[in-house]
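Once you've had a glance at the structure underneath, I'll fire off some questions.
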Amino acid sequence: MPGNTIGQLFRLTSFGESHGAAIGGVVDGCPAGLPIDQHAVQMELDRRRPGSTPLGTARNEADGVEWLSGIFEGRALGTPMGFLIRNNDARSSDYDALKDVYRPGHADRTWEVKYGLRDHRGGGRSSARTTAACVVGGAIARQLLTRDGVQVNAYVSRVGEVALGGIPADLAPVWSSAVRCPDENTGARMAAIIEQARAEGDSVGGVVSCVVRGLPEGLGEPVFDKLDADLAKAMLSINASKGFQIGSGFAAAALRGSAHNRLSQGGLAGGISDGSDLFFDVAFKPPATIALAQETLNKTGEKVMLEAKGRHDPCVVPRAVPIVEAMACLVLADHWLRQRMARIGRT
Amino acid sequence: MPGNTIGQLFRLTSFGESHGAAIGGVVDGCPAGLPIDQHAVQMELDRRRPGSTPLGTARNEADGVEWLSGIFEGRALGTPMGFLIRNNDARSSDYDALKDVYRPGHADRTWEVKYGLRDHRGGGRSSARTTAACVVGGAIARQLLTRDGVQVNAYVSRVGEVALGGIPADLAPVWSSAVRCPDENTGARMAAIIEQARAEGDSVGGVVSCVVRGLPEGLGEPVFDKLDADLAKAMLSINASKGFQIGSGFAAAALRGSAHNRLSQGGLAGGISDGSDLFFDVAFKPPATIALAQETLNKTGEKVMLEAKGRHDPCVVPRAVPIVEAMACLVLADHWLRQRMARIGRT
Amino acid sequence: MPGNTIGQLFRLTSFGESHGAAIGGVVDGCPAGLPIDQHAVQMELDRRRPGSTPLGTARNEADGVEWLSGIFEGRALGTPMGFLIRNNDARSSDYDALKDVYRPGHADRTWEVKYGLRDHRGGGRSSARTTAACVVGGAIARQLLTRDGVQVNAYVSRVGEVALGGIPADLAPVWSSAVRCPDENTGARMAAIIEQARAEGDSVGGVVSCVVRGLPEGLGEPVFDKLDADLAKAMLSINASKGFQIGSGFAAAALRGSAHNRLSQGGLAGGISDGSDLFFDVAFKPPATIALAQETLNKTGEKVMLEAKGRHDPCVVPRAVPIVEAMACLVLADHWLRQRMARIGRT
Amino acid sequence: MPGNTIGQLFRLTSFGESHGAAIGGVVDGCPAGLPIDQHAVQMELDRRRPGSTPLGTARNEADGVEWLSGIFEGRALGTPMGFLIRNNDARSSDYDALKDVYRPGHADRTWEVKYGLRDHRGGGRSSARTTAACVVGGAIARQLLTRDGVQVNAYVSRVGEVALGGIPADLAPVWSSAVRCPDENTGARMAAIIEQARAEGDSVGGVVSCVVRGLPEGLGEPVFDKLDADLAKAMLSINASKGFQIGSGFAAAALRGSAHNRLSQGGLAGGISDGSDLFFDVAFKPPATIALAQETLNKTGEKVMLEAKGRHDPCVVPRAVPIVEAMACLVLADHWLRQRMARIGRT
């Protein structure tokens, strides 16, 4: 079973290579009758877009989403919603040097070993560009959730050594912050770290946190499709993510039960939402592609020096914020529908 | 779609409540002809068994696995392997007091809200006892992996404040250690922390680490079923787990790319195994059920004091070690089979 | 993905070989709170049981179903219902002669080619005995459907040359008829044909028809999981079935539209139930195993004469009636739940 | 789980309404490295195209398939292949009269009941136009099968009262026959029947037969995903199909075992292919939409007279031939891949 579909009842099937004709997908399982705000979808996509923050790559894609089906007179038909986003600004020639070289820390080599061939241009399907399809799917999922009062908000809580503690009450400032941090001072310090890394031809890691408010009780399917298990999978499927924790997370490992029982469980118990705020973190590594020359291998196994020429982000977390939200929305909408099955007398 | 099945090609469907007639499952997709060592399965189950370490609960289950189908003359038939484990030592009366009370930090309330009813005895299906079925499934998965030289070894790397750094070269001592830590001195300190928590009627959290050696290149399905994404999901489905990280994990968030590129990626790139050792951590919270009296809610919403009477582990990580291994084996066997699909010319 | 699971939301995973320890399964996705009448399940199983009609095999299995989980105080917990049926009267020695011989018209050879080994006793998993698990799952499904007024009734409409035309208004006499035909005279003629075939060491084919009354409008998922498509799959998965038709079926091929438009569509349009009675037929071939000596092949490819010694049905359709009902109930319960997803505003 | 995806390992997800922007789909699971002949795909699509035979509808769609991803330098990347076909010649105004009227024998009413709204133009997603996506997916599947020597050929074996008996040895003349019948004389009589029905403003039913040659032994997954069960489902998912039979089919019901055992089983035993030719039939009803005025219901439940204005086929079977082939190819490619899982030692 191929790995390009996520979700059981609300599901996104994604397609597309970074420098192919288009990326896109099919959103299936959206309940009929849902009013679809296509403008709002585009706004979410714009937040992920290269160029959306001055801290990102210089690649500029208009990233206009084109809808092909499933929406009629402003509402979901209950049929699959096909969509695509053309790849316009693909400077594939930037990648000619990579045809026979494997970039360190990238999927170039594993991909080629697995499939026997690859589209080397821009990383092909291993590029983070594929997450644009997730953002579109997530935006539809969010419109389903919003009707029920569910709010999904992510933000940058760490860049390198600079971290923001606690859960900010007001998340509105996220989108006016270049670094997507709701605290202005902390955000400025984070931005400085990113700019410094860029200036030095280097990159830096970070953490995106996400809080979900207004989630109903009872979402999550034991024992394997627990809500946190599905969130963990969705978050680890984002490019460059290396870890997921919910509630007290890894800090819980150092605690006594008497202390931990007084803390939030992160919004669920036994994998099922408990009606309180859901809270989780996603760790992102620093981008492997840096301007500094690095030693790597070519196809014939020889060591070569590589100086990357593509346009890359020195830190992925600002652009990862809308992706984390989108993946969370996809998981939550799926479980929101799955919850309809749990009991008799719920037609 | 109910959440009691894990895996696409190699899959386990699990059933059973803690104090019902039996727990069990169906292992499906095991390739025909695989020699099945039933004794080895029982040995793995014995490692998870209540009573397997002096640090665990006093509940004593023989936990003998009974095979019902799928094995013929010592080999897998290619048909589903049904199995069960009887619940013998279920002292359900311990739980009478819990019928109308929700234990803090447990799934009692979320379960009842979701389903409208629950089997309150021993936590019903939200009990960690259900993981015995995972251990059986994982043991079969391991026998498939072992033929190809894959070794999956977990161990306790943290209990409370005591942590073991680095990846031990020799993991053989794990099973002779009461706390399942391969380093004798560190293990002794961990055991002392657990005994102290028990003596004080309290509990403590910890971390289980897992290393996979001999894994072939090319396992993992982009973009949503990445190997690490499926591992994250499997680990977060284990009772009491709160976090997952692979390779540098959350530590990567604080690093520069120039430094991080010199580190191990944790055994994969772009979600596909790269042939090096796979390494990940799972965080476990301290058990919520402690002997200390705690304030909680009853069904009518009144605050009541609760003193737990069941037999519980003061720390789950020693017994979580075989479960982490089992869940990892289930994921790896599934991807080991899925890898057969990737290319033409591979019949 | 192994082929031992049917259904998306209401699903049965089946296991077991004819002469292994037990057959059984896991019913998952049954909504919590459904009252479960275990006695009614057993009654349905008794209708399929060898020995349930004087026209069947002489093999006598008590076929008592043992429930292992998922039911608590008479109601569905919302958790998987594990169950098993022991194989008591397995005279495996009857099959010793078949160890190295492939019976004509059976799955002996295809099974061995596919898997490289097989449990030759009683056909192993290719035996119709596996349908007992379907009957159990179908009986639970029926209890869900009955609450909503859905009635699923099958009957024998053809044995050899004797056919019953039209849809009988009164299906109550089915279970008092040895041949499971609601019309007494036709049933007597069918029984005579079966007895004659048995007397001559031969077998005979037939048709089971099924009518579903009280089905709500709107069940069925376009475009691939149409209600009739899922029914067709379920029916062709029954041993010895060779065809499926709905409504006018193959007769429609000979008709003009002006005439056909006046006929029933069989209870659906565009794959979605239309609120009228659903009606379909399933064709069954005559059992391949007959007492008459037949030429066949052994493992080394030599022609040998085979005289079957096992106890077999001269005609499968009387015993197929409860199986057709069970498979229909499984499909309908699944779509009954899936229908809950179709629109907004249906929590 | 929405019903727009077919297949487990080789899978097609389909989208699109008849008069929306486009129809299309995602082919996922095609093994990497497969040479893709895009011209051959287009040729198959042309065979289904409105206007491909003089016996079909007058609607004229160029139906050019546009590939969006998954193919690189003429070979499959192992990534999902997104594609679309624009709807150019959609004369939606033909359907204005149908906005508030339900056509007899169509899905208009069931669709609206299920979803609460519908795209009435050309039947929306219930239109047979959606099968164009199946033909594209099937054409890719065929290219996988052809490498292994598998040949899938369908043809018209019945129109109204005129039938072609037996399986023709030479199926090459199918595509030069307007009615898609390999026997010239029979084809001429079939064409006459269709033309007469058209002249009288009526329609007529028929049967499409399909023979698969060169299929390896061992395809099909017991017990629920038998090869014939999956074929039955695929065929019943085609618009206007009402029945499926394999091998002797419904004729088997009238036979004795001693006679039936001498016949072909239709290419399989126990749901698993046996290496002989696979043979099955699909029954199609006469199109419900006819030029003759018919009484029907409008939204408010009043009886109204309806004279259809759209351009429709008087008989679907000539155009159903490539669709039957495509659906068969999708099922066979899926099982061809699933077969890779069956045994150890098959990497």
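Should a chain be cited, it is by its letter among A, B, C and D, assigned in written order, with residues numbered from 1 in that chain.
Keep this in mind: a contact is a pair of C-beta atoms (placed from the backbone, for glycine too) under 8 Å apart; a residue touches a chain by one contact, two chains touch by 3 or more.
What you see is a predicted model; the values in this text were computed from it and never measured.
Between C-D and B-C, more C-beta contact pairs are found at C-D.
Greatest Cα centroid separation from chain A: this falls to C. Mean C-alpha position of chain C lies 27 Å from that of chain D. Our note on geometry: chain B versus chain D, Cα centroid distance of 46 Å, whole angstroms.
Per-chain Cα centroids separate chain B from chain C by 38 Å.
Annotation for chain B: residues touching 2 or more other chains are 1-2, 4-5, 8-9, 14, 29, 32-33, 78-79, 114-116, 125, 222, 339, 341-343. Chain A makes touch with chain B in their complex at residues 1-6, 8-9, 14, 104-111, 113-116, 125-126, 130, 158, 160-161, 197, 202-207, 217-218, 220-226, 228-237, 239, 242-250, 252-261, 265-266, 268-275, 281, 283-290, 292, 294, 338-339, 341-343. By the touch rule above, chain B contacts chain C in their complex via residues 1-2, 4-5, 8-9, 11, 13-17, 20-26, 28-29, 32-33, 66-70, 72-73, 75, 77-82, 84, 114-119, 124-125.
By the touch rule above, chain C contacts chain A in their complex via residues 1, 9, 29, 31-34, 76, 78-79, 144, 147, 222, 337, 340-347.
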